[in-house]
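Common to both upcoming complexes is chain A, partnered first by chain B, then by chain C.
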Partner chain A sequence: MINVTITKLAAQALLGRRRFWLLLAFPVLLVALTVTITALTDGDAAWPLLPGLGYPVVLPLVAVLAASSVLGPEVDDGSIVYLLSKPISRHAVALSKWVVAWAATMVAGALPLYVSALVAGGGDRASAAGLAAVVAGTTYSALFLAVSAITRHAVIVSLLFVLIWEGLLGNLLTGVAWLSVAQWGLRIGHEVSTELPDPTNVPWAALASLVVTVGGVWFCGDRLRSFSLRGED
Partner chain B sequence: MSTLVLDSVSRWFGNVVAVNDVSLTIAPGVTGLLGPNGAGKTTLMAMMTGFLAPSAGTVTLDGEPVWRHTEAYRRIGLVPERELSFGYLTGRQFVRANADLHRLPDAAAATERILGVVDMVEPAARRLDTYSKGMRQRIKIAAALVHDPAVLLLDEPFNGVDPRQRMHLMDLLHRLGDEGRTVLFSSHILEEVERLARHIEVVVSGRHAASGDFGAIRRLMTDRPVQYAVTSSDDRALAALLIAQASVRAVRLRPDGGLDVEVDDLGSFAVGLPQWARTAGLSLYDLSPSDESLESVFAYLVAR
Partner chain C sequence: MAEQRAGVIHDLGYRHYDGPREGVATIARTLYVTGLRHAFGLGRSGKSKILPFLLLALCTLPAAIVVGVVTIVGLSELPLTYAGYTNQVQLLISLFAAAQAPVLFSRDLRHRSIVLYLARPLPAYVIALTRWASLATALLVFSVLPLLVLYTGGLLAGLDVGEQTTDLLKALALLLLVASMLAGITGFISSVSLRRGFAVVGSIVALVVVPGVVTAVQAITSEEDADQVGVVAGLASPWSLTNGLASAWEAGVTVFTPPAGGWVVVYLAVAVLVAAAGLAAIVARFLKVGSQ
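Right after this comes the complex of A and B.
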C-alpha cells in the first residue's frame, strides 16, 4: 500500500523547504527552555511548560507544518499531476504522504516533548506525556493532511482548529474535550500516570483517535481521486 | 495502437460553459488541438487525461473511461503545461522517479534509454532548477515516455521554447507519431500546428469548430474575406473605384480618414489595386490587413 517512491519524494520535499527549519525551531526551543529553567531552579518548575506550551502548541504546530508541507504546495501549484498520472491508487498516494508527515511529527513533535518531560521531572508522568504526544501527534498529522487536501489555506484552518476550538473553547466548555484531539491523547496518557487529566473515557479517546487517523488519510485519498486540473480558461 | 474518444463531452463551471458538446476521435499519429487562448483546450486536455470529470458525455481510451481510472495511466503519457516544482531533483532522478512510480521492471535502463531519446543524457546529472525552458520540456517528455505509453498528451508543449529546441521537439513528436503512437498536442499558434500535425482539431469558445486534414482547414482560412485598412490621396474617389471591382465586397469610409475594404478574392485584389490607383491618378499611402489575428480566423471558421 505504501509507495516508497512517493514517500521518498515527500521526504525530500519536506526537508528541502525553508518551512522545515521553522518546524525544527519550535521543538529545539522547547527543549532548550526546559533545560534552562530546570538548571536555574529547583524541583519541577519547568514542568508547566509541557501542559502550557509543549503539548497544546508545539506538537500541533509541528503536525500542521509537516502535514501541509507534504501535500499542500504540490496541490497548490498543480505539480501533483506528475504523481497522480501514474497507475497508483490515490489512497496509496495519501497513505505514503501521511507516513512522512507522521514521522516528522513524531521526530520533531512527540520526541522533543518526551525529552522535555524527562528533563522537567521524569518518571511515570514523562512516559505518560510521551504517550499522549504520540497518540495526539498521530491523529493531528492525519487530520491536518485531510485539511490540506481540501483547502489551500490548510495552515490557517488547522491553526484555527487548534487555537480556537481546542485552546479557547476547550478551556471554557468541558464538553469540547469529547471532540478534541489533544484531550483524547491526554486521556490515553492518563492510563500511564494519573497526574495527567482524565477528560472523556479511554474507549472513546482510543476509538475517536483511530477513526480520525484512518478517516483523515482515507478522506485525503478520496479527495485526490477527484483531483481536478482547472485551466485558466 | 490506442484511440481516445470523446463522445458529446461538455463541461461547465457554475454558469460558465467551458466545453460545449464536443465529439472527437484521436487516432494514432500526430494530432494538433488548435484554438485561441481561452477556447477550452486546457479543459479538454484535463478531461482527456483524467484530471477533470465531464459534466456530460464520456471520455474513453480504448473503450474504458479515463476519469477515476488510474490503470489507464499505463497507456497514457502526460506532459502537463504546469511547471515542474521538483527543482531539488536532477533530471535523471526525476525521470527515474517516474519510472519507479510505474513500477518498471528495469527502471534504471528505461531511464537511460529515454534520456537518450530526448537527447538529455549529458545534462541529466544537473538539478531541474538549472534547466532552460526547452530542457525542462524535454525532461517532462522523457518522464511521460519512460513507460513506453501508446498515447502521449502534451498541453502547449512549445510555449516559451526557443526555435532550435522547438525544431528538436517537433522532430521527436514526428518520430513518435510515425511509430504508431497516438500523439495529441494543444497549441494556439497556427504555424506550430501546421508544421507538426497532419490532422487537426479546432476548438473555439468551447465548441468543436473544425476537424480534418490541415491543408483543407488552411484553405478555409485563406479563402475567407479579408479586411484591409487603406489610406490614399483621395479616399472617396478610391472608394468609388474599389466598389466597382469584383474582388471587393464592401468599402466603408472611416470617420478619421481612410477606408475599410473587405476583399473576397485576395489574389486579384493584390494584383489589381496598384494598377487601379495609378490609372485614376491616386496615391496609396498605407495598406494594412486589419484582422489577421488568429482569433478572427477562428471566428470565421465558427461562423461557417
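Right after this comes the complex of A and C.
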C-alpha cells in the first residue's frame, strides 16, 4: 500500500532547505528552554511549559508544518498533476505522504516533548505526557493532511482549529474537549498518570482519535481521487 | 518621435496621451488603497473574504456582547479596559496579520509581477513602504473597530466621557505601535518566505510562540523573585513589549513582571526600533528583488 518512491519524494520535500530549519527550530527551542529553566531554578518550575506551551502550541504547529509540507507545495505549484497521472492508487499516495508527515511529527514534536518532560520532572507524568503527545501527534498529522487536500489555505485553517477552537474556545467551554484532538491525547495519557486532566472518557478519546486518523488519511486519498486544479483566488 | 518622455515603456508609435499626468504620489496612493482593500479580501474572490471577515467578526463580537451586558445590567464602568480588550484578542490580531501579510507581500514577488510595478515610475522602496502602510492600516482598522464598538456603546450607556476617552487614547497609542511592529515583522517574513504556508507558520512563531515563551519565562522569574530577568525577557516579542507598556501606563493590563522607571523608556524605544527595523528590512528586500 505504501509507495516507497512517493515517501522518499515527500521526505525530500520536507527536509529541503529552509523548511527543515523551521521544523528543527521547534524541538530545539522547547528542549533548550526546559533545560535552561530547570538548570536555573529548583523543583518543578519548568513543568508548566509543557501543558502551557509545548503540548498545545508546539506539537500542533510541528504537525501543521509537516502535514502541509508533504502535500501543500505540490498543490500550490500544480506539480501534483504529474504525481496523480501515475497509475497509483490515490489512497496509496495519501498514505505514503501521511507516513512521512507522521514520522516528522513524532521526531520533531512528540520526542522533544517527551525529552522536555523527562528534564522537567520525569516519572509517570513524563511517560503520560509522551503518550499523549504520540496520540495527539498522530491524529493531528492525519487531520491536517486531510485539510491540506481540501483547501489551499490549509495552514491557516489548521491554525484556526488549533488556536481558536482548541485553545481559545477550549479554555472557555469545557464541552469543546469532546471535539478536541489535544484533549483526547491528554485523556489517554491520563491512564498512565493521574496528574494529567481527564476531560472526556477513554473509549471516546481512543475511538475518536482512531476515527480521525484513519478517516483523515482516507479522506485525503478520496479528495485526491477527484482532484481538480484551480487558479489562485 | 525624437522628444523625450520619461518612464513609460510602451511606445508603439500610436497617438499618445496629452492630458494631465498624476505623479508618483497618485500611483502610490492608489496602490495603498488597493492593498488595504486586498487585506480584507475586497476586490478579490469571494473565498478570500471569508477569513478576514470571520476573524473580524470573532474579534468584534465579544465587544458587542460586553456593550449589551453593560446596558442591560446597568454597570457604571466597562468590565475591562480598551487595552485589556486588545490583550484578550491578541491571538486573533496575530492570526489576521499572519494570514493577510502574504496576500500583500508574497504574491507579487512569487509570481514576479513585481517587475510590472517596477516598470512604472514608482521606485521599489515606495512600493515597499506602500505595502507596509496598507498592512499597518489594515491591522489598525481590525484592532480599533471592536474598541470603537465598546466606546460608542459605553458612551451611549452613559459612562463617564473623560475617563473612557483617556482609556481609549492610551489603547490607540498602543495599537499604533502594535500595528507598525506586526506589519513590519509579518511583512518581512512574507517577503522572504514566498510559500504562503511557511510565511504563515513563520509569522505565527514570531507572534504567538515567542510571546508565549516570554510569558512563561516572566511567570517563572516572577515566582523566583528574579523580576529583572522577566523584564528583560519582555523585550523579545512585540506582544510582551505592548503589554509591558500597557501595564506601565496603567491601561488595565497586568503582566507578571511589569517594567518600571527607566525600563518603560527602554520598552518604548525597543518597540519603535522593532517597527523601524521591520520596515527597513522590507524596503531592503524589495530593493534587492527590484534590482534582480
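We adopt the following convention: the second predicted complex is superposed on the first by the 227 of 233 C-alpha atoms of A that agree within 3 Å, B and C clash if a C-alpha of one lies under 4 Å from a C-alpha of the other, contacts with A are read in each partner's own complex, and residues count from 1 in each chain.
Note that a residue touches a chain if its C-beta (ideal position, glycine included) is under 8 Å from a C-beta of that chain, and two chains touch if they have at least 3 such contacts.
What you are looking at is a predicted structure, and each value in this text was computed from that prediction instead of being measured.
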**Asked** Mind checking chain B and chain C on superposed chain A, clash or fit?
**Response** fit
**Message:** With both complexes overlaid on chain A, does A:Leu9 touch chain B (first), chain C (second), both or neither?
**Reply:** first
**Asked** Which holds for A:Pro73: it touches chain B only (first), chain C only (second), both, or neither?
**Response** both
**Message:** Going by the contact rule set out at the top, does A:His153 touch chain B (first), chain C (second), both, or neither?
**Reply:** second
**Request:** With both structures superposed on the shared chain, find the angle between the C-alpha centres of chain B and chain C as seen from the C-alpha centre of chain A, to the nearest 10 degrees.
**Result:** 80
**Request:** Determine, under the contact definition given at the top, whether A:Arg90 touches first (chain B), second (chain C), both, or neither.
**Result:** first
**Request:** Examine A:Arg225 and indicate which partner it touches, taking first as chain B and second as chain C; both and neither are also allowed.
**Result:** first
**Shortest CA-CA distance between chain B and chain C [superposed frame, angstrom]** = 12
**Request:** Pick out the shared contact residues on chain A: the ones touching chain B in one complex and chain C in the other.
**Result:** 73, 232-233
**Touching residues on chain B, where the partner in the complex is chain A** = 13, 18, 37-43, 45-46, 49-53, 68, 70-74, 76, 78, 80, 82-86, 88-89, 97-98, 100-103, 143
**Prompt:** Touching chain B in the complex: which residues of chain A?
**Reply:** 3-6, 8-9, 12-13, 16, 73-74, 77-79, 81-90, 225-233
**Item:** Residue ranges of chain A touching chain C (in the complex, touch as defined)
**Value:** 18-19, 22, 25, 29, 33, 37, 40-41, 45-46, 48-49, 52-53, 57-58, 61, 64-65, 68-69, 72-73, 76, 152-156, 159-160, 163-164, 167-168, 232-233
**Message:** Residue numbers of chain C touching chain A in their complex, please.
**Reply:** 44-45, 47-48, 51, 58, 91-92, 95, 98-99, 107, 193, 195-198, 200-202, 204-205, 208-209, 212-213, 216-217, 219-220, 223-224
